[in-house]
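The following pair of complexes shares a single chain, subunit A, combined with subunit B in the former and subunit C in the latter.
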Partner chain A sequence: MNTPAANGRFEVTDLDAWFSKKQVLKHVELALPARRITAIIGPSGCGKSTFIRCLNRMHELVPEARLAGRVLLDGADIYAPGVDPVLLRRRVGMVFQKPNPFPTMSIRDNVLAGLRLTGAYDRGRADSVVETALRGAALWDEVKDRLDEPGVGLSGGQQQRLCIARTLAVEPEVVLMDEPCSALDPIATARIEDLMSELKARYTLVIVTHNMQQAARVSDRTAFFLDGELIEVAETNSLFTSPQDRRTEDYITGKFG
Partner chain B sequence: METNSKRHTDREYEAELAQVRERLIVMAGRVEEMILNAVQALGARDATLARSTIELDHKVNRAEMETDELCLRILARRQPMASDLRFLTLSLKMVTDLERIGDLAVNICERAIDLQAESRLEGFDTLSRMANVAQTMVRDAIDAFVRRDADLAQQVIDRDDEVDELYHVYFRDVLAVMVVGAANVERGIHIQSVAKWLERIGDHATNLAELVIFMVKGKDVRHLGKLDP
Partner chain C sequence: MQTRERLFRILCVSCLALPLLMLAYLLGRLVVDAWPRLTMAFLTGFPSRRAEDAGILPGIVGSLYLILLTIALALPVGVGAALYLEEFGQRRRLAQLIEVNIANLAGVPSIIYGLLGLEVFVRFMGLGRSLIAGAATLALLVLPVIIMSTREALRTVPDSLREAAVGLGATRWQVVRRIVLPQAVPGIMTGSILAVSRAIGETAPLVVIGALTFITFLPDGPTAPFTALPIQIFNWVSRPQAAFAANAAAGILVLMVTLLALNAVAIYLRERMQRSHR
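What follows is the complex of A and B.
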């Protein structure tokens, strides 16, 4: 399926990951289809955040962290020698739990920050990049008249959409979201979820969430992790109604701990 | 629920689900009693038994409403998943089938009152056999629900053919009696209706059994082979 029309497909094979001596991912085999939303669920410490951090080589930024296995993006190994992690992270963007706009930057500069950092900034295109990214993040109408105001002056939900705009500005193929709504109120959460279903047309989305109802609402496929292992992956519709593995059943019905 | 021995971490949630289950069992027991009483009242032309059985239906109706309300409350507050979700949506359907079985038993009781002056009823043995099968189907469907036994539920579904067959035989027998003399027609029509209602009770028991299979296996076995390709 590595056709140009479907860029952003991940294929993870036999992935192990460690923090120092502690193994946090064990033999994970998981394909993430292009232009669909895959939700990763599981209890705290199950390895779900580590898993997505392996998809854009952020795991290796932690001292003493290492991994083994293969992670293919559109058929190419992202850990192959010669792959520039910075350029990879342009293709595979990430949105974090807490909205983290750069505090000293304006809304406009926040959107452009990724391009500046990766050396892809083009002054002539800047205005259109800002508008496209903010529209893509469903924020344009709310901020178009105050692009020079500080990004941190926005509400929490707007800040998170600003971070999504910053991610989209570098034109990624994949957007990883690590608990993107856990610091947001229900209305701001609904906006982000609504935005996700729009973004799906152009990007491959992977969302890590503690909120099972959110996974059930937004995703096409859901993967359940436990103790570093991928227990089950299935279409979201079937995973939340008829999971095949007893451990998935126990987790989603609240029979853990 | 008892998909396994594990309990929900939230004990209040666990108790709410147990409450739904208990209510269904009580309701089913009442409905079973109604079928038995209704046919007995008819056979013995016992209007008193028929009337007291009709009274029982009020409790069944109340149980339907209360169970519905409880299920909706749990759905709204707990957002159940997987087997819990299947169990609750099944419960919502199950109460409807049980309530309708209760209504059909009431219909039979009303006929028992209408026919109390009749000295005999044609082929009551067949009717009684139908009632036994239908009542057993309801009981087994509920047992299958309690024990999460998909095999027993499948047996209930298979037994529906037996009720259907008895109904057709009985229908023809009563028709033959009606053809003999006009005086038999009114009684014949009444008693044919009773057979039809027993056959409908069999259908509702089949529905219950299909729901149990869905709850246990997560597989929808309704209308198998009868849907458009």
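What follows is the complex of A and C.
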């Protein structure tokens, strides 16, 4: 195998997004480097989630949602005509706020769901795919003896790691996480945070969080959003220790939000 | 306060007791009237001018064929229409308009469907007074109910699952086929069972499209003329001789048992499907 160039680099230029007439993102300019963790922070309703949903073209699934601007993934515009959003989403995986394993499926089938859904399923490789993905999501040791039990029987934290495994099984380049720990207890959260640090060796990670400590703990870069605008983006250390913008400082010191 | 509470309870219990008592009385009378006529000869016999020789086999067979054909026609179309409206329909206005119309159609009297069936299936499409014309008419009758209950079932599938599947790179069709439908099947089946059960008891539309009341043979294909249990019962009830009234009672009992048996099978299938998903 040739050493892969670091794939999964996003460049977002002048991105605007609307829900019907309400503008939720305004002229966002942001680069997301490959194989690093970028945290998106900001108060509720600041457009964090909308922003990452523009990266895998899920924003456009909402009726009356629109957007304008350019989003480049490794130099190619993902909104160019002829780009199939379905294929894009296999390169840009997503983990959601609430763990959402498929309730009709076993743990094993949940991991394989992406491959089955998209017809890329190969029976001979299935076992190794399941093990690799579950190991990648740090869940293998806990579930290896009960792969045929339903996925919804796991604890909340395990379910979320199962969802991460399900995302990894499709072999994406980028993993978007939309407040992945907000429904979990502190111990489960800590496990997922450890996992994120492991994952960045292979994937570009973008994490939306309203938990500033989490952003400070896990991310390399942090972007602060407010009212649909990108206020500031910097290396996480410098953003939290010497913010350049007054509003960033007010937010991270807890004056609002 | 205490007495009020108790009064309310008594009121509720009597509301429940009244219909139950009436039902019990009706069933009791029915069984008493029907019992002497419920013989093997009755179940396997053909209609006759003499009440004591008359049997109900063509009615039973006709009704069973009708059920199967009606399901085969109405279920795919109804589920397909509901899927389009819930999962694929992008134009909100149009979907709303269709929704209102479907709700209205569900309220149209069944005899109107009979007239429609007579004009479209029997005459225009030249199907004649056949099983398939009857089944098509009944299918039209249950279609709105199936569409509505299927939409209801589809709505109970949480959006988070659709999002998860889309996020994995599934197309709309793959999401529907692999995630939404398996979850919604029990609900779809419940609605369809209720709808089809009602259709099987329908007499008016079948009378209008001209189901026969006196046939001494079994239908040999979808284009054969036919009779059905409610038609046979309707015919016997309208005879002046008292002996035919006993036949009608026995026929009603057969119809009821057939319906209950079919529902039981459908519910069993539904439960089994539900369990296999857990």
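Just so we're on the same page, the second predicted complex is superposed on the first by the 252 of 257 C-alpha atoms of A that agree within 3 Å, B and C clash if a C-alpha of one lies under 4 Å from a C-alpha of the other, contacts with A are read in each partner's own complex, and residues count from 1 in each chain.
Definition applied: contacts are C-beta pairs under 8 Å (C-beta built on N, C-alpha and C of every residue); 3 or more make two chains touch, one makes a residue touch a chain.
It should be emphasised that the depicted structure is a prediction, and the values quoted were computed from it without experimental measurement.
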item: Contacts of A:R89 with subunit B and subunit C, given as first, second, both or neither; value: second
item: Subunit B versus subunit C as contact partner of A:H27, first or second or both or neither; value: neither
item: First, second, both or neither for A:N100, with subunit B first and subunit C second; value: second
item: Partner chain in contact with A:P63 - subunit B first, subunit C second, else both or neither; value: second
item: If touched residues of subunit A are counted for subunit B and for subunit C, the larger one; value: C
item: Partner chain(s) touched by A:K200 [first = subunit B, second = subunit C, both, neither]; value: neither
item: First, second, both or neither for A:K255, with subunit B first and subunit C second; value: first
item: Contacts of A:R246 with subunit B and subunit C, given as first, second, both or neither; value: first
item: Contact set on subunit A toward subunit C in their complex; value: 56, 58, 61, 63, 86-90, 93-94, 96, 98, 100, 102-104, 113-114, 116-119, 150, 163, 166-167, 170
item: Sites on subunit A touched by subunit B in the complex; value: 212-213, 216, 240-243, 246, 248-250, 252-257
item: Contact footprint of subunit A on subunit B as seen in their complex; value: 3-4, 6-10, 13, 79-86, 218-219
item: Contacting residues of subunit C [partner subunit A, same complex]; value: 90, 92, 158, 160-161, 163-171, 174-175, 178-179, 182-183, 277-278
